[in-house]
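Each of the next two complexes has chain A plus one other chain: chain B in the first, chain C in the second.
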Partner chain A sequence: MSEPTPRAAPAPAAFAPPSGRRTRTVLWHLLVAAVLVVVLYPVIWMLGTSFKPATEIVTSDRPWPLHWTSHNFPDGWHADPGVTFGRFFANSLTVSALAVAGTLVSCSLAAYAFSRLEFRGRSVMFAAMVATILLPYHVLIVPQYAIFKKLGWINTDLPLVAPKFLATEAFFIFLMVQFMRGIPREIDEAARLDGCGPYRTFLFVVLPLTRPALITSAIFSFLWTWNDFFTQLVYLNDTDKFTVPIGLSLFVDQTGMTSYGPMMAMSVLALLPVFLFFLAFQRLLVDGATSSGLKG
Partner chain B sequence: MRLRHTAAPRPAHPLRTLAVATTLACALPLTACGSGSGSSDGKVKLSFSWWGDASRAKATEAAVAAFEKVHPNIEVGTQYATFAAYNQKLATQIAGGGASDVIQIDWGNQSQYAQSHTLLDLSSGPGKVDVSGLDPKFAASGKEGSDQVAVPFGQTAQSIVVDETRLDALGVPVPKAGWTWEDLQTFAQQVHARSGGKTAGITDPGSTWPAFQSWLLQRGKPLYTADGAFGFTKDDLAGFWTFCTQLRKSGAATAANLTETVVSGPAEDPLAKGAAAAEWDYDSIYTSHVAANKDKLVLVPLPTVNGRTGMYAKPSMLLSVYARSKHPKEAAELVSFLVTDSRAATALGSSRGLFPDLVVRQQQGASATGADKVVADYEAAADSLLSATPSAPPKGDAQLITLMQRVYDEVSFGRQSPQDASASFMQQAGQILEQ
Partner chain C sequence: MTPASRRRRPARPGGVADRTAGYVFLLPWFAGLAIFTVGPLVYSLYLSFTRYDLLDAPKWIGLANYRRMFTSDPRYFHAVRVTLEYVVVVTPVKLGLGLAVALLLNRRRRGVGLYRSLFYLPSLLGTSVAVALVWRSLFAQGGAASDGLSSLGLPGTDFVNDPSWSLPTIILLSCWQFGAPMVIFLAGLKQIPSELYDAAAVDGAGFRQRFLHVTLPLLSPVIFFNVLLETINSFQAFTPAFIISGGTGGPADSTLFYTLYLYQSGFNDFRFGYASAMAWVLIAAVAVITALMFRLSRLWVFYGDGGNR
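Our next item is the complex of A and B:
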């Protein structure tokens, strides 16, 4: 995530005139800044629009408002009858937190089994597990819906959360398996000689060394759940159980006026947790990658 | 050397306990939250799902509350989403066997759901709904063969929304009912000329599938035949597009890049931007046009051919009872209430188009104000101009709406002639209909 700053090969000052190098650095930074503006334009537009009055949104092309208003935030917060956006945030946080917890616990256990333990049918099961990554979601949704309907789980958080505790996220298992395979077996062996069984080896040896993979999985699991729309739409029926993505979708009315101002205001708020989550964890990610304890 | 771990003999390991606990935690609610239709307090619990936005949510909740007041033994839980999301969700629910008791459906999906026997016949049996208060021709729009699989939940009709303020400023008179396509051409060219080329007379209707339907009906041809095939030929479509192309090339209709924005809804279309003085749309969208526009807007019937407008009473949406509903009788009572009771009409307002029951509609029209009054007056005046409501469109209609937009883009951007484009449309559309 660091900004690329190309340096000319460290040459003695006498050979590289400093003015030429500075020009190049300035040019490079200008170029990077220009690309950044293009990339960030939608975000800037969203931020600006969230402070625009309704009439200005469709009539003006300028990304920032002429007349500032903060009405969009309370309007968006109270847009739906009988429930505030705070409720949607609480629901989304619950679902996302449980999904992260479930993914970490179950996928690391499964990955440990696939990478370290030997059992009958391991390679077949591993292949089957990887194959599930290839299944398009829309193939699964109807049979899944039928199962959850039979279980009486419709209109609860369970269809969104329970599968995560059963290691159904094959992608994360695969990621962790690959990572665990990179941990030298000698470390396990040393643990075994010290009297650790498979559980303790997992808990005290393999798991701490897998931290970077765990953090990567946590970040992606959080992002995917936080931004997931369709699963949450299908399984949640009552307005007070809705999550943020469904809440945001309610602003879009096909036939009538789409309330862009409130929608953008709530989108800005919806991005905050994602941003903070990433900010908090990416430090750990870098940290974990450099201190994985795998010295010669 | 490989380590071979065997299953641990220790029975009560903390991690294993955790795993077991997790599994149990997942399984527990199995018994805790059983299926929702249980009636511990003796009340029948119905579910009702529909699409719309927050303002329609308020109106619908009020109508449901009025129903619960009349039927204290029934409790109705509602669920809603926006149109596209709702249809995806409904398709999943129906495939998975878990749709609501009462479902709002789009006319375009009616035959598809009816053919898979997911909609209860409301003409007889436990789920009988009395539709005698509705115009029989309009009520028939919910029929598939002899089965009444749905009841229309709001009426709309085709119209031209006209910006009166702008026309006054330009000194162009507002078109009158009974005008022809030639009149439209003259009118639109006048607007273009007098505005100095800034405003087109009309948003190019060439990409609008239902506008083409009315064009056909005026010439005595249906869009679809009774068995779901096309009722028109390639030349009919080419004729429509040639007319639109003439308009566009003279500046009387909007340019391609503006026409494209019609799909994004009234707030962003050429009429709201002041780039067109008139636009084809359903009258149920009039309120949204008014909200998006500072100018005074009026509704004018479509241009005619030999006095025929090709307009018809279209169900803006319909109500059905799910075939697997456990309470068909109560579900049918809710449907009846929503389409015939004046208390429902009061609560619903005009958010779904004109109220289905004729007597109640008249009362509602008499007391309407503002934009609602304009629509009610327009429909009352247009009533004698309406053709018979065709039967429900075949499966694939929704795809044809987008196909029409896509293929017409080729014409309006000048990449294809109307003839070539209509041949290409017929070929692609044929494949969609055969699916």
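Our next item is the complex of A and C:
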């Protein structure tokens, strides 16, 4: 969709010959590429270091390895004597998948009500919903912890997953509301004339049309849960319950240079889903962020 | 009087079913709001007036938590200062970078879409533990940053463990993620009609004047949106500080962010009442700052006729 407004600058164009314009294009590409190299340097460095032998990490400043090795991956995978990263990945996948499912179901229901149904108190509730987006999460963590402790849910996945089924990620409601408002009213009015009640209209008419917003929400919901550290840190205690972020944080105790390789190897694996989503949906991710002001 | 039915357009069937359906659809959200937001909010307000270690019942101690916070806890003030320093530096620098790169990318050239995506990548990797670990390794003793400096003949240092450099290291990490505001700026720049630039050019306005008199005013709603979002988010920064300092907020408390101290007070020291009081002061601060920013925005945010939103 890259069609920036034609920012024609008539004055320079009139003075400069066509070759000047080409020079400027080349200069622009050089400038952007240079900035990009600086910005992406940490990512390049991470990838390079994950394939470096330990000796080279200590001695060389080069971001990519001279002698490639894949040792860091099995070393990192088994860094913890009790549990492998396989366990952490399985745990993270479970939590993230359930979080996505919960978010999609509960948020789409709420979004449909806010955007297409009329009932008493709707605007007040909508305002309350938007306000919860701005609420700092940290104020809820202590009482939520107390609640989950009473329920005996500490050290299980439930505190991470159950709230998502009750539409606590108000941000996605907001995103879906914005999208559903764009769907022409006539469509569900036609459905109603054909005898559909609000439930069937939602399921068979509005929901399929909302698919782009649902996909955006699913992806961001997955990535946020995958990257989330705070809640997982608070609720999970046993190593075999740990998710990838907490598994990774175990490396912090081993600060020696020799653990850099395995640590970066596991960081690469931890970011692999993010990279894959990025490659597959980069246009969608950027546009999704644009239209809604999503964070990364 | 039935306001709901009066507002309804007469041609539409549905009626009563429609109105109950609204509540049915909102049932999960409403339950979530009660159980996970409003309930905890009220409970944490209560806890903030108690001493509570999660094992014994909360014990009412009135304003003692707040008094301690404001009169006899130097670490608390320190955490406030660290957080404010962070917010005050990160917000303008990050947004400045975002705007600069957005202006650079706001033209019709080949590859612009790819560039845009690549600049957004750091924001997507975001506040993950993996990225914080990368940062920690880059800036620790013998990491690429200090080695690079010493190979340039400058004194390299162990940025992560040097109290005067540890916070700037984390600030740099946040500013690095300028992709998210950049993408929003780009969307805003696209909304500006090109005729305005043509007209300005005809009037003899140079690049700087066009930027000051066309771009900035028309972009001001988007700038405001970004400032608001970035400020609120910055107050809640946690993961980078936790990972880079190994959970301590060190060295010498130089990275003791507000949320990190809140976490320590609760989950390390079992002062859950104190942590709740801290959380409520954070809410109040964020609310006041948000309100203030909206008030101030009237002075500088320019909404054109019909404008953006």
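By our rule, the second predicted complex is superposed on the first by the 238 of 296 C-alpha atoms of A that agree within 3 Å, B and C clash if a C-alpha of one lies under 4 Å from a C-alpha of the other, contacts with A are read in each partner's own complex, and residues count from 1 in each chain.
Basically, a residue touches a chain if its C-beta (ideal position, glycine included) is under 8 Å from a C-beta of that chain, and two chains touch if they have at least 3 such contacts.
Source: prediction; values computed, not measured.
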For A:165, decide between first (touching chain B), second (touching chain C), both and neither. both
Looking at A:192 after the superposition, I want to know if it touches chain B, chain C, both of them or none. Which is it: first, second, both, neither? both
Regarding the shared-chain residue A:271, is it in contact with chain B (first), chain C (second), both, or neither? second
Which of chain B and chain C A:250 touches, first, second, both or neither: first
With both complexes overlaid on chain A, does A:109 touch chain B (first), chain C (second), both or neither? both
Of chain B and chain C, which one touches more of chain A's residues? C
In the superposed arrangement, does A:146 touch chain B (first), chain C (second), both or neither? both
Name the contact category of A:155: first (chain B only), second (chain C only), both, or neither. first
Going by the contact rule set out at the top, does A:202 touch chain B (first), chain C (second), both, or neither? both
First (chain B), second (chain C), both or neither touched by A:237: first
If you lay the two complexes on top of each other, which residues of chain A touch chain B in one and chain C in the other? 58, 105-106, 109, 117-118, 141-146, 149, 165-166, 189, 192, 197-199, 202, 229-230, 233-234, 246, 249, 251-253, 255, 257, 260
Chain B-touching residues of chain A, taken from the complex the two chains share: 58-59, 79-82, 102, 105-106, 109, 116-118, 141-146, 149, 151-156, 158, 162, 165-166, 185, 188-189, 192, 197-199, 201-203, 229-230, 233-234, 237-239, 246, 249-258, 260
Once bound in the complex, which stretches of chain C touch chain A? 3-4, 7-8, 11-14, 17-23, 25-29, 31-33, 35-37, 39-41, 43-44, 47, 54, 101, 104-109, 111-113, 115-131, 133-138, 140, 142, 144, 147-148, 151, 176-177, 179-180, 183-184, 186-187, 189-190, 192-194, 197-198, 201-202, 225-226, 229, 232-233, 235-236, 238-239, 242-243, 246-247, 259, 262-263, 266-267, 272, 275-276, 279-280, 282-283, 286, 290
Contact footprint of chain A on chain B as seen in their complex: 1-5, 8, 10, 13-16, 18-19, 22-23, 25-26, 29-30, 33-36, 47, 49, 52-55, 57-58, 61, 77, 79-85, 88-89, 92-93, 95-98, 265-268, 272-273, 284-285, 287-288, 291-292
Tell me, which parts of chain A touch chain C in their complex? 1-11, 25, 28-29, 31-32, 35-36, 39-40, 42-43, 45-46, 49, 58, 61, 63, 105-107, 109-110, 112-114, 117-120, 122, 125, 128-129, 132, 134-147, 149, 163, 165-168, 173, 189, 192-193, 197-199, 202, 223, 226-227, 229-230, 233-234, 244-246, 248-249, 251-253, 255, 257, 260, 263-264, 266-268, 270-271, 274, 278, 282-283, 285-286, 289-291, 293-296
